[in-house]
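Note that the chains take the letters A, B, C, D, E and F in the order they are written out, and that residue 1 is the start of every chain.
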Amino acid sequence: MTEEKRRLIDENGIRTDGRRWDELRPLKIEVGVVKNADGSALIEWGKNKIIAAVYGPKEMHPKHLELADRAFLKCRYHMAPFSVEERKNPAPSRREIEISKVIREALQPALFLEDYPRTAIQVYVEVLQSDGGSRVAGVTASALALADAGINMRDLVVGCAVGKVDGKVVLDLNDIEDKEGSGDMPFTFMPNLNQVTLLQMDGLFTLDEFKQAVELGKAGGMKVYQAQREALLKRYFDGAAPDSSAPAAEMMEA
Amino acid sequence: MTEEKRRLIDENGIRTDGRRWDELRPLKIEVGVVKNADGSALIEWGKNKIIAAVYGPKEMHPKHLELADRAFLKCRYHMAPFSVEERKNPAPSRREIEISKVIREALQPALFLEDYPRTAIQVYVEVLQSDGGSRVAGVTASALALADAGINMRDLVVGCAVGKVDGKVVLDLNDIEDKEGSGDMPFTFMPNLNQVTLLQMDGLFTLDEFKQAVELGKAGGMKVYQAQREALLKRYFDGAAPDSSAPAAEMMEA
Amino acid sequence: MTEEKRRLIDENGIRTDGRRWDELRPLKIEVGVVKNADGSALIEWGKNKIIAAVYGPKEMHPKHLELADRAFLKCRYHMAPFSVEERKNPAPSRREIEISKVIREALQPALFLEDYPRTAIQVYVEVLQSDGGSRVAGVTASALALADAGINMRDLVVGCAVGKVDGKVVLDLNDIEDKEGSGDMPFTFMPNLNQVTLLQMDGLFTLDEFKQAVELGKAGGMKVYQAQREALLKRYFDGAAPDSSAPAAEMMEA
Amino acid sequence: MPKSFVVETIKRNQIVDALAKGKRLDGRGVNEYRKLEIKTHVIQKANGSAMVTLGDTQVLAGVKIDKGVPFPDTPDKGLLIVGAEVLPMAASYLEAGPPDESAIELARVVDRGVRESEMIDVSSLVIKEGKWVYSVFVDVNILNVDGNLFDATSYAVVAALLTAKMPRFVLDGDTVKDTGERLPLPVRKVPVSVTMATINGTLVLDPTEEEEAVMDARITLDTEDEGHICAGQKGEPGSFTPEQVLTAAEWSIAKGREIRQKIKEATAGG
Amino acid sequence: MPKSFVVETIKRNQIVDALAKGKRLDGRGVNEYRKLEIKTHVIQKANGSAMVTLGDTQVLAGVKIDKGVPFPDTPDKGLLIVGAEVLPMAASYLEAGPPDESAIELARVVDRGVRESEMIDVSSLVIKEGKWVYSVFVDVNILNVDGNLFDATSYAVVAALLTAKMPRFVLDGDTVKDTGERLPLPVRKVPVSVTMATINGTLVLDPTEEEEAVMDARITLDTEDEGHICAGQKGEPGSFTPEQVLTAAEWSIAKGREIRQKIKEATAGG
Amino acid sequence: MPKSFVVETIKRNQIVDALAKGKRLDGRGVNEYRKLEIKTHVIQKANGSAMVTLGDTQVLAGVKIDKGVPFPDTPDKGLLIVGAEVLPMAASYLEAGPPDESAIELARVVDRGVRESEMIDVSSLVIKEGKWVYSVFVDVNILNVDGNLFDATSYAVVAALLTAKMPRFVLDGDTVKDTGERLPLPVRKVPVSVTMATINGTLVLDPTEEEEAVMDARITLDTEDEGHICAGQKGEPGSFTPEQVLTAAEWSIAKGREIRQKIKEATAGG
């Protein structure tokens, strides 16, 4: 976070992309997009385009790491070289390794891993185009991919980032707000169980702002939860049979 | 392949090194040059100096990759740091990894791998000095090393590159022709079974030129096959007992 | 070793840090400094600050490398990034890999590894601050850490480097003498069994100087042995119970 | 692909029996491609991009163009580098990790087709000889694997390059300035990759993954606009008769013409 | 940490039973830290250093300051890079090797606290904009592990930075010259990391390793001198209620104030 | 080398029994070398090269000389870098992979002998101080392993350097130009490595692989033309008495003289 260089909210409370402080960017989710995967979802949120795919429960490799009382949950968050302004080296960066860990830990509370002892469940999050909030978008898509794979779940997991821009706590930062704002708090939770599963933060928040941010994150997340549920309904009850995957190409906006 | 910069064939049809279009560079092969190996061969072809060595059939490592119905064939093509004009980093390059794969796939059709279930057969191709056509020279030497190791074979494998120089299809490019010519087609086959086992290509060939190239490759390869057979005869019937390896040093031209 | 640039011994035979030719730098050893380790020692010798820690005998990983008739001895010598003038990359350098090997081989003659078949004994040598002679200091500390871990030993191992400065053979080079002197011989031995277990050398020594160096190394090492014994006595009979480790922080001189 | 011996034998028999009648399990003839879809401009942050769907194989290519430093031995040429990653999500048997030999071969063969056809005029991608050139990275993510990655990847790379817009850079003293203008890449040709496999002696075009699991050998030939063959690669541990190689060459020219037309239509308008 | 199921269950019961009475196995209350010792200037070859002992957790941080080249996107800022290695000697279950995901998370979270608090004024660590800046490396060696590495590492990094002396560099034509002068770093704030865990629904401060072995989730919050929260990280595969998150925020501010005082005392005089 | 316990015991007894009579399994006395052959100019594309055969151990060294950038701390010295790869083809128990600790030790000890003897006057390998120097890479491929790699590798490196021809580079404005002239390297001395092993208390020269399999410890000492010892390395998990170390020093000087003569003859004429 660097010092703010220009006004990011105008005198009418309107942000650079036309939103008010508590509005989400455009959000579109489609479940079942990777034919070979056991479950998958494509999320387009702002300029984010992210596919999550799940394989498992399946045999654990290497064998000696399998857990006697539950499934081993693995997660890889990865960015395509062309997903960001400057080409990204395809080898996993330290940032990607950290995010892989926090996404895994954000999903795990929702899973009945004890139902699948000695197996592995693998979550892949591939960022095809990156915008602010890619990790919470990744969690949101992953939860759907897990549901699509038929893994037993306590709840879905939804995410939404909250940030601080021009001294105000606002919902769902876009790219410019992320770079020029003064704080960012990625936040995911289980909407029915009311449990926080991911929380990171940078910038400067007073205790009051921090409390506002948690509230706003929950409110925003509930809207995302609505979109999650619609995507699942569309996949399973809206004509399309569960076993037919729509190739991602058909859904991505040109 | 870059655009051609000078005449590579003169008005009498003579190439820069004095050969005609259908002549091979000087070729010398010796079987049994690496004392510890189960089979080996040194090939000197143009300025190429390449040793192929074979170990196996032997126990497969790691165990879980062994194949129940046949031997696992492994191949490493590697260039010595001093084998080329600019010192080569000794770590395997992407080019070496690709060539290791195509050499392995060029040899495999000739082997009765099913005679050696659960074992490994390892082929090492070490380029001590590199010139045009090192991969086909490597295949040619490897086939002899496999025969020297006593591996059951359907046929030998012979190789010869064909290229395009000054608009003409010619046999066995040397270094300059390789760099300045307008096309190159490494080509290996089994001489008795008449089966193509390696074919790569770059440059620009019309369909007719492509057909000529395949014909010429076969004709050139039959000459190489002659040299292969002589080397085997020399090793096994020409005085030297099969278990005595002549150190490579004695054979390499100073 | 580069050519000598200035006088390192003055007309009175006094070295840059005030020592005579056969004197050691200040030496301080404390046993039992890493709480979790089975054995440990901190050595401060000149500006060296080195911790050695031992774990084992313990299960060998990977299993297939375990030895049926003795323990597998492992050693890692490693320098902290801040231990030298220019920040050191934390990845192990070729120098560290070589020193890890010679330290392991310097310790092994003193150990009854045959008493611990199928197990692993792990020695870690971490250089927190590096000065001349860090490898012999590492061996000296490691021998104590092994004793502290209760590993059966034939003898301790002590080390002392000998060098050549201004054409004279002198004991225990400091940093400047190491860089500007004309020879260095790290040397370790078992003091009671009178066996040399590590010897490396660079620079230029005549046969006579080489003999002097071996003698001087032994004499210096016997003084180090005295310090080793005192440290062990202090640890085991001087009030402190064997199971209480003094944290390294309490001992390191500010 | 890991194979169960029994399943493989049954599947092989099925495939071979069908081929004996000139048919394939998905109903195609031996020289037919699966349905090919090409969608461009799918990644706005890339200079060019294309999503290619060939049957159930799906790949996404993105082009990033920047200034760069030329290789010492080609100071007068821009950089054009093709990379490919088979994403671990693309099939159940894959694992994350550095590219294995198959992924390296894939990237190198696709690169060869683009490079040897001289599709892009790299000589004109120079800002200041020996100092600054354009660097063109084409990265491909394989999203779903169902056979014939070579062709799907090649089409995605070519379509992404055909629709890419590069910044116009100019020298500004010692450094390089982006003028803000956007230009198409200097394209000269449209190379097309055509991949064939032999199964029990029969040559088939565009093999699916289940066909690849039982094929003897694979051959890929690239052709350019004038029907010249510009790159080739035989793969897999089987062999071809010389006659099959020549048939493959003929097919690559004929099919290449059809597919070039499709690529041009999908990328028309840049 | 590798866990035996039976031992873990017994230990968990012990810990939970104690917490039911508001106590912990080592006698502390839920919102008490273990004994904290900070010793500075322990490594003479470093520009700054600190050994921190928190209970039986022990870490050593060293600062190296040199000239360096700025990142292209921040030509007007010095480099500040935090690295951490959990030495394999620090616990019986560790192995040598490149940093794993936990060590990477540790280094990145500690780095975040230092960076987001704007502790060091990196804008003033510039020698010549775009060409030469100061580079500040803080490397941490974890010597002994007994829980709460995040806080111990953070305190060591902060104390080492507070007591570091940097060379004053000046431009000398095209290169950089060390004037021989030594200056403190341009410090603006003292960030303090406070780590909490939930065990069976109870929030505790400064977990030991045996508490970490049975905890559900972990949360670290950093605060700066004015009590603003400047960095946060939830970890481990459990979750928090929103109320617990707010309690954690309050605790981090209150405890942060106490610990900041300790750090300042330990580093007074530079 | 992987060892079978039974075979090793039998072999050890054989070797020890022979040594008790002052003999070795191949008929040599304790202080005799195996047959040594040195052949130079075997790789035309290298600036220098040598194939060394010592018994059945065979190694090939090649020298590549180019312009390079000096290390920051030695702006006035050329680069001289020795690398060694034990090719996986060289023995049945080897596997391809990055150099292990033995290969690293081998390269570093051979490098030490060359460097510490000051064989090559690196001060004269400077084109422009601090900017451009000569870089001399000596790479060694071990082709066949039968013991005593240290000496065989050292002789190959020394012979390749003695017969190398370097381009004469001159400054051309800011860059470096090859004049086309070829010169010998600035050689001052000929270091010779002599390796000994103890087996059951007996010191032997030039151990074979089967002797190495049963040896207790190894010592390598390098000497230069005036008989000064310039490098040393004890290896393997055994030990020496101080008297054995002194005997080793005496042998290294005496044998070094003989072998230096052989190397000089084999490289006469450059």
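In the analysis below, contacts are C-beta pairs under 8 Å (C-beta built on N, C-alpha and C of every residue); 3 or more make two chains touch, one makes a residue touch a chain.
Source: prediction; values computed, not measured.
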Could you tell me which chains make contact with subunit E and subunit F both? C
Can you name the chains that touch subunit D as well as subunit F? B
Give me the step distance from subunit A to subunit D, shortest route via touching chains only. 1
Farthest chain from subunit C, going by mean C-alpha coordinates, please. D
Interface repeat test, A-D vs C-F, B-D or B-F, passes over-half contact pair overlap for B-F
Relative to subunit E, which chain has the most distant C-alpha mean position? B
So, what's the distance in Å between the C-alpha centres of subunit B and subunit A? 52
How big is the gap, in whole Å, between where the Cα atoms of subunit A centre and where those of subunit F centre? 58
In angstrom, rounded to a whole number, how far apart do the mean CA points of subunit A and subunit E lie? 28
Per the C-alpha means, the centres of subunit C and subunit E lie apart by a whole-Å value of 31
I need the residues of subunit B touching at least two other chains; which ones are they? none
Residue numbers in subunit F touching two or more further chains are none
Starting from subunit A and stepping next to subunit E, in what order do the chains sit around the ring? A, E, C, F, B, D
List of subunit C residues in touch with subunit F within their complex: 1, 68-69, 73, 94-95, 97-98, 100-102, 104-105, 108-109, 185, 189-190, 193-207, 210-211, 214, 218
Taking the complex as given, what residues does subunit D use to touch subunit B? 5, 101-102, 104-105, 107-108, 112, 115-117, 217, 219, 221, 224, 227-242, 244-246, 249-250, 253
Of subunit E, residues touching subunit C in the complex: 37, 39-46, 49, 51-53, 56, 58, 60, 62-64, 66, 83, 85, 87-92, 95-96, 98, 137, 139, 141, 143-146
Across the complex, what residues on subunit A touch subunit D? 34-38, 40, 47, 49, 51, 53, 55, 58, 61, 76, 78, 80-87, 90-91, 122, 124, 126, 128-130, 247-249, 252-254
